[in-house]
């Protein structure tokens, strides 16, 4: 039996296969690599991104159709797609003073981490959620959402979505809402927080039915306030007697990740502290929120200060070293990796 | 065919069955009632219980063997057993100034709701948990626990256990610890709170393994502070625009009940507010924490002020009316009723 | 401080506590034993039970009100209650030729294991389920069920229920149906088997909704045929190369136990084979179906042949020795013990 | 504010964004379509594929490195990738008489549906699984597997994998085994079937531990025999009194899909029967196993006979009409779609 491609019969076979929309597996070198063959590490420095966002704010309006003034991080290894990693969308959204972004909804889930500015309200299914620096705000899959900045200064936040994943599943749906945001009563506390912002205490459901708590696919708590997060990190560090603390944002009604597709974590590293090198299946986008330090990703060293964003590719080792007390916000696709049974993680 | 018990052959059969440790089902009237045939409502007034607890404090010491100075609520319909309902133990524990109760552990799960006093520490597997009025403190199944009152005033708290249930399952295990409590560093915040007291934020597990969060059978959070509970109730009432709010204490890592066997809830009713009549399968013990009001349980009317304790039997309608802003702490066996598929609840 | 009961002040306290329906925990010796203090092992020999069942068949009719001709195993340590263990009901049901038992339903769940006879149909919510020797037939909680014997010979089967458990939870509901069974089309295969009797293949739900398979609290498969069970045991023994095989009856749609409260297992032991001594929390009722052998339960030795029934109390060691190829059907409360987090099992 | 791209400042901005690896969301027309923008329906006729597979069998050997003689269905809308849909791999594997394919393992999960031939064994982690026409055989994620054809005739089967999905998650791992298959004892029944091939009966776990049944991420049953499948379909059709029956292959220990990523179903349609038009999120690959008929997919009509394979794209309506009694095997990505909360299905 022959296995050399110069054979004219084999050549003919390959031609006929191609015509029949078939491909021989044995010629697919690289289809099944020993470990993930992925993108390179990459960093988007804030000193570059911030001025561009501001220029976009000056030059480009928000119109129905465009809907949002977002700069998408477009990883150079992803063929021109506006994606930060093969599974994650990351972008910078810029909302001018006295500007608003019209309501829409979509099957991809989104979360926001506020970088600059204050006093913007995100309306999620009619619940006004205040946005302040360091807050994590959720707009789960197919929830209506719009943004309103009634204040006098622009706001900039980080947008994280599962769009690449949902696109690869052929499951993207999108719907426009009315052109204008509905009127709302500005309150420092959303209705979602009134019900779910106390640890270990949730509404007990209607008095007449066994359990009407909403155990949905995403968290019923829509805002995680920086003041609470910072205090929790400090307590956790003190209790652990460690150089660093990693905490996970969760659905307080189930303990699950904030979205079925997205994990959000916050890592605080003490000044001069180190997080040892580790790697896991699945990719992450990391946003430096406070402090400064250096991360080694594979063999790429990234020095960061607030606002810098970098990606940690799948199965690529990463370690961190802080020069001062620092906070890193980490977005990853781990919930999906774990749901399909491929979660794997190790120190390296 | 005959079916009259006067028949001598039938009588002989019944005699022979009895000798063989057999009983004819058809003579078991009442074995399968149309709906639960249960105990009557009952109340233990604080003005009666409080002085007795104090007298016990004066007259009776805490010795290894007795282990705890607890007065168990003994429902008169339960044949002299020290049980409040067929499934629930409820008691009043009294700890004098400068007194401590030695460590032990047992398979029944326990919770405490502080009624009077301040500055007692409960050590749960070595974690010192401060107890203050209105706090809910957990000592889950088979966790070592002891109590220490270093202060100058006695403390009184409510004890709730699943002991009758566990006894009926023939699953009671008990183990004595050392005679003395281990030394501990008194801190206003337990280690469990350092990790789990922020809504929607939990430790993310070791950096080197997929998920090492403790998803045990009971809550990793051991204390639910009254200040947080009261604020949550107020927010919940404001948000709902209702006369009352019922909240459930939960395991913040899973959203489940605080114990696999016990549900703990807190009900706040505005002055002149009403909770409509409802009933459910399974029994409850209710402790009036603040305020005053009247509850109608079946056809028994109970007026309550702080410290009064009453039971709501299975499938018995209950409604509440508050005369001033009031808080009722509610302990029930609902988690087990629901796990075996018999949860049923209705307005009546 | 005093702790001697001869003190008149202490005596007075105890009197006043009793009057107030309170009991001092420290006088409750035995309330918290080191390990379960349970019933003794006990056996009901078939040679005693069988003739009594037949006599009941001759002397006692089945009338609305009595509903069933069942002899309940009444353990002598349970104070005259018709219960085999603190959690389990076990009985022998006898149905004469051309006799039927009227429909009713109740919250306790029941299962049947056929001991003698053939050709009886149990109607479960209208689905006619044929009963043959060695078959396990389910009548889950609150499912309507009646029995019909159109044949010329009586049938005898084992009844297992969770009634003691449900009674101790105050959750017994019962409802009579019409006096007569509805007409039915006798078929060797129930509708439940048509849908669920093939391993690893279940109805896929309506074509228009995500998943309409019934994932209820009990198995949608109502009959487990002896021919399939016997073949599975034989295959399992061959594959394991062991002296014995223990298999669990499960809900084929979820893998859970057949009922939320009851575990059913079948143990085949080869002639001269042994099952080593082990114990677990929770009690079991064991029915010898085939063969003969001896079991050591605690320090009680029981020799058994087909039809003998014995109990294995909680946390009591049991070992088995077969004299010929033997099958033991085992009913236990393990699902509830495990759901409340108290499952514990060990070789001894 | 300006929003016209001819503006030189805006042009400059776009240039600078591009240089910074950023893309403006508002220029990404089509990124968020109203509903999935997916591939077209496509069919691979068996009369074309079968001769090509045979020619490959004649011309191409199986060598370490190529590992498998598989023709991958390469959808023309997927840019030359060897994928049948954006999430599913489908291929035809051809194994000559007296040939074997060496062991390897990989994180993508695979299943096989036998089209032609008989007497091949697939070794899954050392368990020899016989393959006969119509059998479904599983090789779950990271299980070692190889194939051996000791017989005198070639075998052809359908391969279904989640490879595109796992690749898009950057989670592909692959490991080669030894060059030769280990020796094995050919048996008509695998060890997995000895333990799990009886509906509702599973190994009960070691006698000394609470539950050691394997509740893994994939089914412990590795083969679903056509004889059992065909009988189940027939019973299901009879019971339902319907023109068609759709059954799902499941993990008998949990009721879940056979793999965390893949759903396998079998649809039997009576001669002249119709399955009404419906659509769902996520894509499917359909293999005609028996019979003949016509399917309308979107607006493409496909007539099929045994061996034909076609795809049903996401959110595309499909209806079927059989000309004779017909069986269609259906592979889909529904488990993942449902796990991320995007399951949606409707009649159209």
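When the chains are written out, they are named A, B, C and D in that same order, and each has its own residue count from 1.
One rule holds for everything that comes next: contacts are C-beta pairs under 8 Å (C-beta built on N, C-alpha and C of every residue); 3 or more make two chains touch, one makes a residue touch a chain.
This one's a predicted model, so the numbers in the text were calculated from it and none came from an experiment.
Peer 1: Quick check for the class: compute each chain's Cα centroid; which one is farthest from the centroid of subunit B?
Peer 2: Relative to subunit B, the chain whose C-alpha centre sits farthest away is D.
Peer 1: In whole angstrom, what separates the CA-based centres of subunit C and subunit D?
Peer 2: The computed centroid separation for subunit C versus subunit D comes out at 42 Å.
Peer 1: Averaging only over C-alpha atoms, locate the centres of subunit A and subunit D and give their separation in whole Å.
Peer 2: 30
Peer 1: Please work out the Cα centroid separation of subunit A and subunit C, and write it as a whole number of Å.
Peer 2: 52
Peer 1: Show the residues in subunit C shared as contacts by 2 or more other chains, in ascending order.
Peer 2: Within subunit C, no residue contacts more than one other chain.
Peer 1: Which pairs of chains touch one another in this structure?
Peer 2: Listed by label, chains in contact pair as A-B, A-D, B-C, C-D.
Peer 1: Can you check the complex and tell me which residues of subunit D touch subunit C?
Peer 2: For this pair, the touching residues of subunit D are 189, 191, 193-205, 207-211, 213, 215, 219, 221, 224, 228-229, 231-232, 235-236, 238-239, 245-255, 258, 265-266, 275-276, 278, 280, 338, 343-347.
Peer 1: In the complex of these two chains, what residues of subunit D are touching subunit A?
Peer 2: Those in contact with subunit A are residues 1-3, 7, 9-10, 13, 16-17, 20-26, 28, 31-39, 42, 44, 48-49, 52, 55-56, 58-61, 63, 65-76, 82, 85-87, 91-92, 106-108, 141, 162-166, 168-175, 217-218, 260-261, 281-283, 313-315, 333, 336-337, 339-342.
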